[in-house]
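Shared chain: subunit A. Partners: subunit B in the first complex, subunit C in the second.
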Partner chain A sequence: MRHLRWLLVPLVVIPLGWLLVSGFGRDPREIRSPLAGRTAPEWTLTSLDGETLSSGDLAGRPYVVNFWASWCIPACVDEHPVLSDAHRQLGEEVTIVGMLYNDRPADAEAFLTRYGDAGYSHLIDPDGRLAIEFGVTGPPETFFVDADGIVRDKQFGPLTPTLMAERLATILPSAAR
Partner chain B sequence: MIPSIGHAAVLIGLGLTVYAAVAYVLAARDGDPRLNVSARRAVIGSFVAAAIGCAAMIVSLLTHDFSVRYVAENNATTTPPFIGVISLWAALEGSILFWALLATGWASLLLHRYRDRYRPLMPWVGATLATVNAFFFAVMTWPGNPFALTAPMAAEGNGPNALLQNHPFMALHPPLLYLGYTGLAVPFAFGIAALVTRRLDEEWLRVVRRWTLIPWTFLTLGIVAGAWWSYEVLGWGGYWAWDPVENAALLPWLTATAFIHSAMVAERRGGLRIWTSAMVIATFVLTLVGTFLTRSGVVASVHSFTQSAIGPWFLAAILLALGGSLTLLVWRLPDLAGGDRPSGTVSRESAFLLNNVLFLGLTFAVLFGTLLPLLVAATSGDTISVGAPWFNTVTVPIFIALLFLMGIGPALPWGTASWSTARERFTVPLGLGVAVTASALAIGLREPTSLGTLGLATVVGSIMVEEIVRGARARARSRNEGPATATWRLATRNRRRYGGYAVHLSVLVMAVAVAVSSGLATDRTVTLAPGETATIGGYEITHDRLVVEPLSSDARVIETRAEVTYAGPQSGSLGTALRDYPNSQAAIATPAVRTSLAEDLYVTLLASDQATGTVTLHLFVNPLVVWIWIGGAMVGIGAGFAIWPERRGRRVTVERPQRAPAAVTIEGA
Partner chain C sequence: MRTWLPALAVGCVLALIALGSVLVLQPGSEPTAARTDALARELRCPDCQGLSVADSPTASAQEIRRQIDELVTGGATDDEVRAHFVARYGEWILLAPTAPLVWVIPFAVVVAGAGALGAWLVSRRRPLHGSPVRPSPEERRRLREEADVLDA
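Let's look at the complex of A and B:
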């Protein structure tokens, strides 16, 4: 009986440890996108270069919508090369679209000059209406839409090369390397 | 150059604290006084290192050295110097640096002050504190390096967090809170030292009493200042939302308060010793848990600015501290057992025991509510949040019970109380309580918990006042002194007791203010075109005009401001604004608060239409809120009174100078 008191230590430490460890790798603010499995919102918007682009133009091709802002430092800076690389390497298979989130076009252009412009389009979302339709809570947030226009996956927070490959695999017919 | 100095200081701090921890353990085993001295010097050296680190960070912030990642993320070339300096604690890495400064400061002060006393205990106290501090230096060396560099170097920084530059309270709230958090390592270190050395008598409790009260006071002031900040800045008209970060500060406060009480029983009567040791451990572990929860990004909070790599480190520290100290406690259980059990059912000891059970209940409730989202996510994968209504439902009854206990506990005698003394002391206060509750009902207070709190506060307050008056009267009679002199002398000769009374009375003031302000507050949302008027609680609010302009102090910030005049119990004009910061997605509210002793008029701008000049305002009339802040300050004063050293031996009293400037009476104690 007297040795039973030693059970107190593992009885307290192990459950608490398990609970706190389980918290890692999950972002409490990440809410599963209700869009997953549904048709992506449609849009027709003007790019920073003054061209008009619409979701209809992309029909039949998988595409990635990346909500970002020049003021979103360091997350948007960190993921910028990941998107640029994806555009360079997989530009034939998938279209990448930057979507300005609550940002001034001049600031966004300065950002691209500074950190490199890979050449994919960045669209101006006046009033942030599209961001609301996609349910964006804060940049960076990236949606992965397949060739049928269905949202397959969403990345909350900055993309890393590994995450990018994982997410792209959900929309590319020939899974990304 | 400067960042390299800072980084070097952190590394030196790590080396010194690790050395101090090892040297103290060796000193404890061999009793070599030279080792003791050298370990103490290393601790003081680690304080100097932390100070150099903080200075290097402040210089980097003031010179806008964006090669440092922390500076690039929290500063911009337009940031004013004052905001630059306080940005030291605006984000994670800087906070840990500042934390290390305070923690090594406490350790140096304590170890220097008691360098020749408590011989068997002090090496273990030093070893514990040095180990804890080494952890913080290690975090800064590996996962949370405040001097990490950016590559490529940014031309312009991100600027300070918009919420943090909006109110001068940011300069006050974190330092107070951190002084409390870091200081609570001291009682923990004494607890560990007592357990290791088996010197479990009242000695360590006597030392630790003051060293718990001081950080407890800072923690209390920090929590109140945080509530005040949230009220003045966040614009939702309230001051406490049960956010995880608020709970993180409250949890160690609850167990520290329980400890302060149970330590009295342990010291005076030798009882509750296991309990008291457990509370010391819990308090320290909870300061770590709180930091972990709010800083690691595990639980969503207004404060968890970034997810960071320090999470696993804190987790390891929590489990080591908890596992290690629990093992020690279980090992020493046979030494701790014994002591007096509470002798009577109704006695001061049993009141203390009940007090501790209630505080522990509160701790579990708050901890459960804070961790539940984590538990649910871990078991079912769903995302839930536990809101204020749940916390209020669960905790308010316990708070009310504590309030009740606070009144009767100190009035009960040690040992056994007879029912007749109890009846004698409590009849008049009970009558008063009923009378006040009835009057509150008559003036329109309907909320049952508010009514109950108010009535109870009256009962408790009058018991306390009666208690003080009875003592003063007895002294006045026997020493032939005036009532004011008698009360003051009695209080200054029994600082612990009367300081405690003062704190209890201040808590009552706060309790009444919270009860009344939550029960009688009114609010409404109105949309007004220029020139239109709305009424709320005796005030007429007229919207004059809408102004949109850049802030004069920082032109990148655009302010949309409603200029309003108000008439009623207070009158004048105010401006309430939404500010758009370039680095914040949401506009930051700057509510206007007009405070009087009776009530606050609180106006916040929700939306506006620039074309027509129409604004939507949220209007609040919050009664008695200012008394929460006054009560908080009074707690600080009362605790300060209790902490102030009691003079022994000859006592010098200076009489009122205007009557007899030179008259100094000297009396024996």
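Let's look at the complex of A and C:
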């Protein structure tokens, strides 16, 4: 009976300790996307400028779908220059698309006036239907789709220049340079 | 002639009641709404903290509810509706976990705890009610002598 106590250490304490350490090391809000490796949802939406854009228009070209909102502060403000820089530097190779998440177009326009409009399209997702198709839980969330239309990566939370380079490398080998 | 008139009247009234109940109750619509409600209670609202789609007023929850209704009306089974949202959000969207281990672990811990407690209690009581120490013949003789002295 007495030697059984020593078995408790490897059998109970070590697994529990491992569970706690691994649990504290991750963001409980972050959910792995089941979309990774699958075809991205199709969409046809209207931009803030009134133009119609669809996923079909981007066929054969890698693209980035960034769900954001003017009320998502500071995360969306923080990542805005990262997306703008990527559009300016890699706009020829990759298309960046902003998707309004549960936001009013007028508020989104005011955000772009204040923090700068790099010139890529921002689309209106009227009922949040596309956000549900992508499994979005809250902005900012960004999906990286390769030239074959397959979702290769997802960023939960704001993008930093390093994260942007890492994620873009999954759909655009030249971005890893 | 007059004898079958009341029977005809009663028959007509009963037929009207039956027709009315079929038209008013509309079998099929009530189960659809009930199924949508039940499924909405099972799915997590994506942009809330621990609320079901049924309990949340957010735009996302309303849209998911609308999609559940659309799927149910379109003939999807409950499992197909759940699978539709799991394909987008993963199992996170289900409020009740599906992994059997998650349900078994709490019971296993309770049983193991009860077993450990029982074993501990038994090990504590053993010296009192276990095999008693029997006096040696020498001790027995001395005890008898002591008792004789007291009795005298």
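We take it that the second predicted complex is superposed on the first by the 149 of 177 C-alpha atoms of A that agree within 3 Å, B and C clash if a C-alpha of one lies under 4 Å from a C-alpha of the other, contacts with A are read in each partner's own complex, and residues count from 1 in each chain.
What we mean here is this: a contact is a pair of C-beta atoms (placed from the backbone, for glycine too) under 8 Å apart; a residue touches a chain by one contact, two chains touch by 3 or more.
Being a predicted model, the structure only gives us computed values, none of them experimental.
*Asks:* So in the superposed three-chain picture, is A:Gly135 touching just subunit B, just subunit C, both, or none of them (first/second/both/neither)?
*Replies:* In the superposed model, A:Gly135 contacts subunit C only, not subunit B.
*Asks:* For A:Ala59, decide between first (touching subunit B), second (touching subunit C), both and neither.
*Replies:* Touch partners of A:Ala59: none, neither subunit B nor subunit C.
*Asks:* Who touches more of subunit A, subunit B or subunit C?
*Replies:* B
*Asks:* First (subunit B), second (subunit C), both or neither: which does A:Ala106 touch?
*Replies:* neither
*Asks:* With both complexes overlaid on chain A, does A:Asp127 touch subunit B (first), subunit C (second), both or neither?
*Replies:* second
*Asks:* Can you give me the overlap between the subunit B contact set and the subunit C contact set on subunit A?
*Replies:* On subunit A, the overlap between the subunit B and subunit C contacts is residues 31-32, 102, 138.
*Asks:* In their complex, what parts of subunit C are in touch with subunit A?
*Replies:* 46-47, 58-60, 63-64, 66-67, 86-90, 92-93, 119, 123
*Asks:* List the residues on subunit B that touch subunit A in their complex, please.
*Replies:* Touch residues, subunit B against subunit A: 69, 72-73, 154-155, 158, 292, 296-300, 307, 311-312, 315, 318-319, 322-323, 326-327, 330, 333, 371, 373-375, 377-378, 383, 582-585.
*Asks:* Considering the complex alone, what residue numbers of subunit A touch subunit B?
*Replies:* Answer in residue numbers: 5-6, 8-9, 12-13, 16-24, 26-32, 69, 71, 73-74, 101-102, 114, 138-139, 157.
*Asks:* Could you list, by residue number, the parts of subunit A that touch subunit C in their complex?
*Replies:* Listed in rising order, the residues are 1, 31-35, 102, 127-129, 131-138.
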